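Each in structure tokens, the structures are laid out below.
The following pair of complexes shares a single chain, chain A, combined with chain B in the former and chain C in the latter.
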Partner chain A sequence: MSRLPITKTPKVYVGGAFIRSESARVFPIRDAVGHFFANIPQCTRKDLRNAVEAAAKAGPGWAKRTAYNRGQILYRLGEMLEARAAEMIEALAMGASSPRIRAAAAREVTATVDRLIYYAGWADKYEQVLGNVNPVAAPYFNFTVTEPMGVIGVIAPDAAPLLGLVSLLAPAIVSGNTVVALASESQPYAAILLGEMLATSDLPGGVVNLLTGFRKEIVPTFATHTHLRAVSGVATADERKALKLGAAESVKRTHLLKAEEKTDWFADRAQSLEAIHDTLEFKTTWHPIGA
Partner chain B sequence: MNAGQSASFRRLFDEVGPVDAVGIEERVAKYTTRSIKKSAKLWGLKTAVTMVDLTTLEGKDTPGKVASLCQKALHPSDDSTVPPVAAVCVYPAMVRHARRALGPGAKVRIASVATAFPSGQTALVTRLAEVRRAVADGADEIDMVINRGAFLAGEFAEVQDEIAAVVAACGAATLKVILEVSELETYDKIRAASFLAMSVIRPGDFIKTSTGKTTLNATLGNNQVMLEAIRDFYLDTGTAIAMKPAGGIRTAKQALQFLIAVKETLGDAWLNNKRYRFGASSLLNDLLRQIEKERTGAYQAPYYFSEAAESY
Partner chain C sequence: MPTLAAGKKQTPRRQGRPAPELIFGDLWTYDPAPETADPKLKKRYELFINGRFVAPKSGKYFSSINPANEQKLAEIALADRADVDAAYRAAKKAYDTTWGKMPGAERAKYLFRIARLLQDRAREFAVAETMDGGKPIKESRDFDVPMAAAHFFYHAGWADKLDYVAPGRRIAPLGVVGQVIPWNFPLLMCAWKLAPALAMGNCVVLKPAETTSITALKLAEIIQDAGLPPGVVNIVTGAGETGAAVMGHPIPAKVAFTGSTEVGKIIMRSLAGTDKKMTMELGGKAANIIFDDAPLDQAVEGIINGIFFNQGHVCCAGSRLLVHEPVADRVIAKLKQRMKVLRVGDPLDKNTDVGAINSKEQLARITALVKSGVKEGAEMFQPACTLPAKGWYFPPTIFSGVSMSHRIAREEIFGPVLSILTFRTPEEAVEKANNTAYGLSAGVWTDKGSRILKMSTELKAGVVWANTYNKFDPTSPFGGYKESGFGREGGRQGLLDYCRLV
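Up next, the complex of A and B:
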């Protein structure tokens, strides 16, 4: 008996739920051989606004988790991706039969799992390295401790759409920040699938919010939204200008890589303690030593 | 409900007419689909600001907190185009502190929830004394609760007599009658209670949905039932009664939807703070946030506005 094909409606993962775009608009993507693959939600600035609200709501609870627990959850996200690696490789290869493309996709998925494990390991250790007991000349302690900044915007690259995205969001959430991320415009499907894995990884809803859509419609709002404390990502020269102007107005940090220069996301330097440091605030406080 | 009670409710429903509950839900669902943008939105937001009864009704209220609330009521924003709110709404013990903070004859009125708010469960003489004292301390408006126990028992004359006694105790002060819709259970009873209250209060007095102290507060549905009661009462008698939804209205988007309900049910004559108010504590911040968004074009963080100063 013939069976009707069960096609999937890709939805974005925002606030712990799978939603369509606020405007209900979609854009088609094609597979490696040029056939229609799926309609992807075309999120706009209003979806970004809603995602930031969701991220802000999730933030205090996530930041209050113990560092150890955040590490466990990031590790579990790695487990989820490892277990569904074949599906993710398929999502990255988009039906391509070339062994070279499939091998590259497999390599990207493996590197992404490793990256998650790397940051999971840092969760209960970065504070020892970045925090400090400062030298003083009187009988009191002077501590410098870290705090998460709040809601962080992430703009993912088109090259390495999965590894680039995870490399940008993992160091932000490990310290208790929450993230609103814009997936690659040309290859958004890996982010849709990542959302489904996030949903099963014990990560509280709203800690990571993934949007798909057109950069020109959303990047300007990343720049101006005052609730985002920092934006990290890969941007063109025009986008970097807009982001930096908006960031100056709304007082947010920017960590922007140049889209016109190739970033090697597989390199060791693509993962670092410095990346965690980028989305931390430092608080210095004193305490009397006592008798 | 015994036979006597259900008979008296049946008589009342016959008199004031029933409510089509499904029709109401369908009607209010449409209000959330209106597209209000740019200048119309800005007008709506600023109009909503002028309708806010900025409320603090907590056991931990202090004179200092009330004084800062009054300053916020007079000057909600650095933006001088943002008007002051309609009133502050406080407990009776805080009325004199509010009066001291606002000064005599201030643009912002003082409303006080007298009559053993929120339950109303004390002797009538105590409730009336509370009203007189609040008015003597400088309250311009009194928010009373109806006797829900008497209403649900079918003792409608008792409910009306008590409201009439409070009207007399108010003197020149405006009265707002809180029906506490969450305890009335059905739209039919909300409409019936609205009519009972409207037929004993004065033109310009209010009917109000809720105390804000129960789980279910003002909804578009409750609001619509009461607006239609006000419309029908106005068409019958020519007496214009004002309306105040209270509790659960926290966002500017909700406020605009309520204003759409007013505009489409009662018309422009009710789109001012003499005829329509919002009882709310956190709504004002969101209105200011959206006004700032319209002014600058940038989405605003809630911690730029007071009372939302958590780290996220």
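Up next, the complex of A and C:
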């Protein structure tokens, strides 16, 4: 007689812990052939607020880590994903047997590892490229440095649910921001598994918080939550308008890609110094030069 | 002659005792020292569209008033939607036909020219600026006008070096941009907005504030003299409705706004459904933090400069003084003493320290907030000073015993009013300084280098002045965190907000 396998109960990774939605709601997802696969937490506005709180708590400590240390932790995350690549490919392919789908999933996983390594390498360099000393016309030492904004909201795309998510969150956390991300609504399982990898990657709890659920329930709170200092992600025209309207209330920064336009997450353009810059503030300090 | 006195008893000056006080008050009067250069004002200013001064389509004009004596200086054209539209079409045409195609090295020469022509007419501009806005002539002469020229000169040199702005990426101008600027530094804000936009290759429609349009339109004369192609810079004048037309027009790829956080949010909401890029330079409520080891006399000068510069009409004004408890009494005593010798009055007098409040409305707002300070129980001090009978003036004012919940500790007053709070530990200072929705600037005064760097790191503000305050430079990026806005002006970073990656 064949053994009945133990299936995993998907939980979201928030504040360094694996939790279910405070609402106790779930929604079912199906595998590639249409069979029941698992129940995914259907997170709420309150889950988002709790996640923002966890992210805010983790922020100062993460920002104080040395750039070298943050770089190593991002690299470690790449190591974790590489080591568990087969499992992640399964999570993306969801049991599909088509070689084309499996190859696409494999390509997405390796591109995601490479993306993490790319941003890991920037950790102790972006400052040298973005900041500088300014030759003011008076006896002052004047320099401009970057600082992380704080808690960043990330809204992940459905296309490339893993690569898109990581391409949005990695450039935010590399500089010391913390992130609250909403995973793809249609393909949330990769984010569930990513949470498990984050938990074993030396990344302090609360630096990345991953929620699953329905966009129409959660996106409005991304718009209005005043502790989110910026929102990056992919959004429809209506969502973009709602996000920008909400952003006006607390002068929040928005960096939104259009859901109706195809974004090539595999392209070189999908990783950049500018993506890091998007969640940074410039700070300029003056000091007199004298005896 | 002046007399020396130290409180009630004659004692030698020592640590911990109040410094001897120079009492001038009744002994001397000052002779007037008016600046007499001719501001060369016209009776009527038209809109500057497509390289020419043109009458507004509606035929309407409004008066520009000298806040120092409430007299009318000139009448200014009121631009409506149709005028704004004409300005944008001129800008678009200029971008498509001349400016957008011109090599950077040639664009640079125009900007260098503007800088030089502005330097040539510096005194004339300074007098016009002071008459139009009410700021002391020594500030418009020594700060506003030379700094405006410096901004054009600095950005001119970038125009052919744009490959170095964003390393590793090719950049291009945005096209046409709309800009709306405030009344506190009318000419300087023109320069801050125009210079980087033009250096990057954009064409501009700019609207100055309705109370201070004159120097922008005088700058248009210089732009004409410099031979800038028609339509590259268009200046439309008017109040809020004109501003809304400039912000809401479909042509500009980006709008830049400097002004209050309240209006900034309105603009953000109005553009929520569009793809327009934005930069916002909004309000502030800066903390100026004085530690017990600070050089106190210099710090007091910094506090005075921080809050009374330009009558406190400065978004980055050091309007919340946070004093370390052990030195609070001494600092406040020194501050009061220093305030007694501030000269408030005729802005055109070369010895005036604090000039006229820009408008009647602003004076009413300052007065209301000061009343709330008294009502909420803070202790007010104003030095004895005679204000001119005509014009809008407000005496330098400080409040001690202020708590974080007072309106005067939370709301931007935009006037010569300082709120004083105290702290015991650096952590408390940071906590109080950051406990605001704003995040434009901050000041730190201490002798300890490591403390400066730590404070500078922990203060959520775009500009930190350590052992100095209110310093500006074209090479130095300026702009805020949080509700003080986004984007930077000045320096290499400022140019990033006027380009797109290709």
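Criterion: the second predicted complex is superposed on the first by the 285 of 291 C-alpha atoms of A that agree within 3 Å, B and C clash if a C-alpha of one lies under 4 Å from a C-alpha of the other, contacts with A are read in each partner's own complex, and residues count from 1 in each chain.
The rule is short, and it goes like this: contacts are C-beta pairs under 8 Å (C-beta built on N, C-alpha and C of every residue); 3 or more make two chains touch, one makes a residue touch a chain.
Here the structure is a predicted model, which is why all the values come from computation and not from measurement.
Trainee: State whether A:Ser250 touches chain B only (first), chain C only (second), both chains, or neither.
Mentor: Both partners.
Trainee: Determine, under the contact definition given at the top, whether A:Lys262 touches first (chain B), second (chain C), both, or neither.
Mentor: neither
Trainee: So which one touches more of the residues on chain A, chain B or chain C?
Mentor: C
Trainee: Give one of first, second, both or neither to describe whether A:Arg30 is in contact with chain B, with chain C, with both, or with none.
Mentor: neither
Trainee: Figure out whether A:Arg49 sits in contact with chain B (first) or chain C (second), or with both, or with neither.
Mentor: After superposing on A, A:Arg49 lies in contact with chain B but is clear of chain C.
Trainee: In the overlay, answer first, second, both or neither for which of chain B and chain C A:His225 touches.
Mentor: A:His225 sits against chain B, while chain C stays out of touch.
Trainee: After lining up the shared chain so the two structures overlap, which partner does A:Val151 touch, if you call chain B first and chain C second: first, second, both or neither?
Mentor: Only chain B is touched by A:Val151; chain C is not.
Trainee: Look at A:Lys216 in the shared chain and tell me whether it touches chain B only, chain C only, both, or neither; answer first, second, both or neither.
Mentor: Touch partners of A:Lys216: none, neither chain B nor chain C.
Trainee: Touching A:Lys8 in the superposition: chain B (first), chain C (second), both, neither?
Mentor: neither
Trainee: Where on chain A do chain B and chain C both make contact?
Mentor: Of chain A, residues 147, 249-250 contact chain B in one complex and chain C in the other.
Trainee: Which stretch or stretches of chain A touch chain B in the complex?
Mentor: Chain A reaches chain B through residues 45, 49, 52, 56-57, 59-60, 63, 147, 150-151, 178, 221, 224-227, 246, 249-250.
Trainee: In the complex, go through chain C and note every residue touching chain A.
Mentor: For this pair, the touching residues of chain C are 150, 166-169, 261, 264-266, 268-269, 271-273, 280, 282, 437, 452, 456-457, 461-468, 471, 473, 475-479, 481-486, 488, 491-493, 496, 501.
Trainee: For the complex, give me every residue of chain A touching chain C.
Mentor: 129-130, 132, 134-138, 140, 142, 144, 147, 149, 229, 240-241, 244-245, 247-251, 253, 272-274, 277, 281-288
Trainee: Within the complex, which stretch of chain B touches chain A?
Mentor: 296-302, 304, 310-312
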